[in-house]
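Alright, structures below, take your time with them.
In what comes next, subunit A is part of two complexes: it sits with subunit B in the first one and with subunit C in the second one.
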Partner chain A sequence: MASQFDADVIVIGSGAIGTNAAHLLAQRGKSVIILEAGEWIPRWKIVENFRSSPRKNNLNDPYPNFPWGMSSFDEDYIENTGNFNYVPYQLQLVGGTTWHWAAATWRFLPNDMKMKSLYGVSNDWPMEYSELEPWYDLAERNLGVAGSDTDDQSGRSGPAHPPRSAPYPVPAEGETYYFQRLKARIGAEGYSFIHEPNGRTNKPYDGRPACSGNNNCMPVCPIGAMYSGDVHARHAEKAGAKIITDATAYKLEKGEGGKIIAVHYRSSTGADVRLTAKTFVVAANGIETPKLLLLSDVANSNDLVGRHLMDHSGISLIFTADEPLWPGRGQVQQGAIFKWRDGDFRGQHSAIKHAPHNNVPNRDVAELLLRQGVVGPELDERIRHMSARWVVIESMFETLPHATNRVTLSKTKKDALGIPTLSFNYDLDGDAYVERARDLCMDDYGNFVRAMGGTVINDKTGWQNHAHVMGTVMMGTDPKTSVTNHEGRTWDHDNLFLATTGVLPSSSVLNPTLAGIALGLRTADIIAREV
Partner chain B sequence: MRGIISAVSTAFSVLLFTSQPAASQDGDIDRLIERGRSVAIAGDCMACHRTAEADGKPYAGGYTISSPMGPIVAPNISPSKEFGIGNWTETQFVDAVRNGVSPGGYLYPAMPYTAYRGMTDQDAHALYVYLTKGTKPVDEAPQAKTDLPFPFNQRILMLGWNVLFNSAIPFQETAAAPGGHERGKYLVDTLAHCGACHTPRNLFMAENNDSYLAGGDVGGWHAPNITSDAVSGIGAWKNEEIVAYLKHGNAAGKSQAAGPMAEAVEHSFRHMPDTDLEAIATYLKTVPPVRAEGQTTPGFARSDAKAADLGQLDYGIDRDPKAMETGTSTNGEQLYVSACATCHQVNGKGTQDHFYPSLTNNRAVGGMTSNNLVMAVVDGVHRKTNDFTVQMPAFGEELSNAQIAAVSNYVLHRFGNEDLHVTEANVITLRNGGEKPLLVKATPWLMAGSVALAAIMLAASAFVWSRRRSRKHAAHEANPGDLQPLKR
Partner chain C sequence: MNRRTVIGLGAVSLAATMLGLCPVTAFAQQEIDEAAFLALSQRLTGRNELNATISARALAALSAGDEAFLKTAMRLAQAIDQFGLTDMRRFRDFAAAHPDLSPAAMKIISAWYLGYTGTPEGEANHDDARFVSFAGALMYEPTIDVTIVPTYARGKTDYWVTPPASLASD
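What follows is the complex of A and B.
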């Protein structure tokens, strides 16, 4: 029978979620093809692209932007109609967008998955935390996640939470001086400082070296200490999966009985190829996945594909403290400050995660001073002074799923392959749920600056998003209100599965990639039992 | 015939030894087990008799040793009665360790029994007690099986090989025990079997005793000269540096252990008492010096990187998207700057704390062969020490063979021995286990002719191993054709 198909399973997308799922399927003896729109690019080449880039603050700049695989910073690719200019940051190369994440790998709390029944907003997940827990554990082992086994991540300073079946595979790294000082002074004001679980291993793990504090997680880790999807692309290949690059999937072909029978992809030269499989997994990121479904007119009988786009929209604060904190040593972020993490307030306003950023600040400081006209020896002196005291707090808010916040196909533009580009409608202004959180966040900022004897540089950043794409193909228990069931299986096609953070039906305030990988592994396990 | 005689005499000696009163108290057994554990550590049994996966059950076997003849799977030597050595008598055990003859048949000399033949009776006894009573049985057989091609699958051939090459004489307890005057030599020649890798082979793959510990090739890696020669060997190293190297795999500013030596540090040397490591260092300083032909500068002594034009390193690159995704450049400088310099630094000096070692003052870069540089790039470096684990990532998948050659040549030229040159073909040969011994290469041709029998005889006498190879220790040399009975 297998010879009738090109593969048992075709996985579309070679990012962290797709390759982890493909690896599990290949390990179980399934024949697997992975389609990737971009190419393999060796790490050294990306590092070189970064070093020679004049746009160091553009995370996508070290990565190629092709007329057939456009960067989300390309104005020809992304158009916006809402009151917020949404940019999703996704990358197209083997390994996907995890090439330039900061590898924050939190688990959602059990309460995050019951927002509707506990707080009357957002959605409940179609599964219990306990059902996902073993897959979180496997995902953490695949990534070599470093974390604290004693922190209460709910921010209540209670026993370790959420529940774990096994310790973190890598212990938490030591705290930077910067983090220690913020914790000592701001923590005294009643804020919880929680270590951030992360995929930047601090001891050799799975062939990766330990992080040595290059402070360059975004846009590329120069030594491969930080996990990126290429790790499991290689593992999947070794386990027997075949990766086809330069293969932009543009159509899922429907057959009889609601089955998907083939995927069509186009290469950069315009050549078209049709591949068949028993089962298809679309793991093409929370934006490109709904795009492929919309292009193919599949899984969308209820018109929900691309809707309910959620991100962790928020604001940030920059100030200088009254003492040297020496930011920029070690990893780019180490933990979170929680006050509004979980509780009944979530019925009224967003939960909030404050993340102290630990990037080397010299460039930002120098740009600021030059704009102010500071030159000569004073410039040097003030760069040194301010860089030592520079504090950046980025704050993320939980957002609710609104049907009008969505990604659609552009009606007017196409890329070089003739495939429509993307249009976003994303509104934040006027959303009382996040605006209330913004007011509380400003109160927190006042406390932070006061506690650190600080001088505000900027507390009026306006809305910012964090490329945490959720909700666009959300899972649920009702075919009328969701795109997939708890397995990631689309309601409309029983051999079409979606493995992406787009299936998350509520957003919490936590970076969603680990949840996406855990769900993708769970989906792969279900497929492996069927195919 | 001599093999049989030696086997009989070994058995006899063991019988004599084991006829002594058995240890009567638990304390004696505990001490014996502890001594056996030390012997197993110094003998590095775990280097091979481990599982295929890291951190598996001790002595369960399954680890594959690559030999020029093909892969050899280390057996289970846990006390499991069905799958291990639980049913072996002490006589059988000692026969295996010293003579390469197990109850199941002849062993391949991937098991370094020619070195272990020098083991004192007391250590052999303690090792038996430890392995049968001091470890946990693992009741499963390794999944992989040794399956060498003809003629090497004819284990009976080892009879002839043993006759020629297995002729060491056991050390005496008083000399070889801790504090004994031959302790260092005993560790080097017998338990740690250093010569298995560090002594070169002659044309017939027998060890060249004129070049005792003067360096050999091991599965693509080079086991360096460790004679007392101040230029080619370790004569200019301080004893503390030798001890640090054995203990941590790092003699800062001289050399770092990688490949099989990193495994020896991880499984064996770092667990040995300092007094033993010091005894090894002291003994190595007495080994007759062997100077590599033409060598005038010690490998670690090249300290000055050739100046790089920093302006040239800060080059602009093609921002065309196709160029940005194409990683096929064979410009060594470009590869070094983006793939290596993050850790080893643009000037090759590494970091001040030596966590990332310098490429200047580095034997792998400044010595007489580039093998270890190339293999470190291909395989990376992985070494557990008592303080932390060292991990240099492997570049064998990310870089092509031509790129590995290019970056190696750049490193050699700027930081080390610029007379060396690496070709793409060299890289391919090394990553596939290194140059095959002439006799292995010649075997198919010999087999194809009407001289199959001669080939078998020749191959038998030339059985050689890439990872653990036999050697006779020089002072206990037996003349070829002259059997020395085992003395007690």
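What follows is the complex of A and C.
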């Protein structure tokens, strides 16, 4: 029996969740190898890719797309069979997909983790909020999360909620004038405006500068004020972890007694390498993680890997207000509007989070005016007038885990490495739980427009992707209905752990990355005690 | 002329057109060249000065997406001269008189304002969009005292709390 290993722990994936977990393991003296399919890419190159791109609204465009590591926006990589065109946004480079998130770092509410017992839908988490709380705290310190210590994030205008063991590591940034005005007028209609906790530090933090309002959190923060996974990739390296890039994991090798004994990866030149370890952590995003499990035929004895795919599918509203608000000053988003955040209604329809967007609106405005044939001095005048009054509200709905909403391997296509590509089946139309919420959301939209003396530009967007991947390898208390236990440990292989938002068994309406990092840190702590 | 030589030539043509007297089309050409395209762009955007490098990139992008573009743009320039369109407030009249040419005019104006040609896809990597300019896109000019070209911050942390000085007149 082998007694030599290449590492104590091999972490597959160098995104925010994998590198935070790897960093903790390295700090505890474990030998750690991180495998990353992509490469290190310096921030300035991504920024220049963005600046010279003709498709500024395409979040993946500044990032790599190779035949051996295809972007999720490549039509040769993704196929869809459901009534909604599901497009995940994952990236392949050191630091992962948090390069182009907007760093919204909400905590799930205790009630979000008890959907089945409180409201009779979705799932309960296999842990209490109080068990996760210390790991939320560490995750927030790692990311330098800025937040309000007084907001009731349940939207009920009560005392600060959810409970915290420590204040936010960074105070909330100042409210934009735009947000102040929306809050004053729409808030008067009975809507709660809540500061959005975020990983965009507004004071120097862990080598990162304070946000100065570059207004480009997505697709790339040009100054690195916004947290992305490359921060802890560097920290993990300094703590002793080894990062191997250009290493696409394609097979987990099974040994005796249900153990995983090796991971096989392939480089862009086709070279294959086999590495052994005592323990393996797959932290390769909520889409690529189930892909690797399916490729390897592991952790899937109950045929649940890749199923129960949940996103915060939503819609959005664009209108112009009757006063100048000047969106575009500061960060791209700042807070949320809650009316349908938590309550018994969740047995009947989705919770809703409305998020006012604060992007410099000139492109959207100019595109609209040019489509209308506006030219000359009038074009310049109207660009200014409308840009000052432009309001975008993006709304997200909680979705339920359906076994038929899933990601599988393509049966017909392979990438340049000979690895099957992805196929999705995601249905939204006909899902009464989200359709009821959509109707209520439209009522809210009517209220928002009226409160702001507004003129609707577009309130018929149709369903939109939010790339908040959850459920695909969900955790639970029963091996028959879940892929991992509360530790992230797969039921089928006691040395194989999954650290990804894919383990979330219910979706709430909150951006799931912070929960994924907290869970990944908790998993790493459990592994550190065993290995 | 190729794109590499355009900076020097652009400066010459810019100087000539800044006089504002030159007709857009000085010679009886079939296809538009970079100098004439710059002059046409100035007329269509109402700017006395435009960047010649961006102009060359716009011309390259527009003609790459449309084989007939060089000829269409030349006919457009000639029609503008004949019509005497010097004030874009009269563009609607021109467009009514030349429905076959006004789409090309809108494409040129769009390239200058938006900084790209074609139709960019939001969730796919394959489209016909081509880059023209970012910081030089004219759509940012009308608001540049108040908001930034994204990525190019000019303020400091929390500057956004206070409304812009122009608020009362906006």
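In this section, the second predicted complex is superposed on the first by the 528 of 531 C-alpha atoms of A that agree within 3 Å, B and C clash if a C-alpha of one lies under 4 Å from a C-alpha of the other, contacts with A are read in each partner's own complex, and residues count from 1 in each chain.
By definition in this document, a contact is a pair of C-beta atoms (placed from the backbone, for glycine too) under 8 Å apart; a residue touches a chain by one contact, two chains touch by 3 or more.
What you see is a predicted model, and the numbers here were worked out from it, not measured in a lab.
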Which of subunit B and subunit C A:Arg384 touches, first, second, both or neither: second
Touched partner set for A:Pro222, first subunit B, second subunit C, both or neither: both
Winner by number of subunit A residues touched, once subunit B and subunit C are compared: C
First (subunit B), second (subunit C), both or neither touched by A:Glu39: first
Subunit B versus subunit C as contact partner of A:Arg51, first or second or both or neither: both
Which of subunit B and subunit C A:Phe66 touches, first, second, both or neither: first
Partner chain in contact with A:Gly213 - subunit B first, subunit C second, else both or neither: second
Subunit B and subunit C footprints on subunit A, overlapping residues: 47, 51-52, 65, 203, 210, 212, 214, 222-223
Contacting residues of subunit C [partner subunit A, same complex]: 44, 46, 87-89, 91-92, 95, 105-106, 109-110, 113-118, 120-127, 129-132, 134-135, 139-143, 146-153, 155-164, 167, 170
Residue numbers on subunit A that touch subunit B, as the complex places them: 38-45, 47-49, 51-52, 62-66, 93, 203-204, 207-210, 212, 214, 222-224, 234
For the subunit A and subunit C complex, residues of the former touching the latter: 47, 50-58, 60-61, 65, 71, 73-75, 87, 173-178, 180, 202-203, 210-216, 222-223, 324, 326, 328-330, 359-360, 362-363, 365-367, 370, 373, 375-381, 383-385, 387-388, 465
Residues on subunit B engaged by subunit A in the complex (per definition of touch): 315-317, 319, 321-322, 324-327, 329, 334-335, 337-339, 342-343, 355-356, 380, 382, 388-394, 397-399
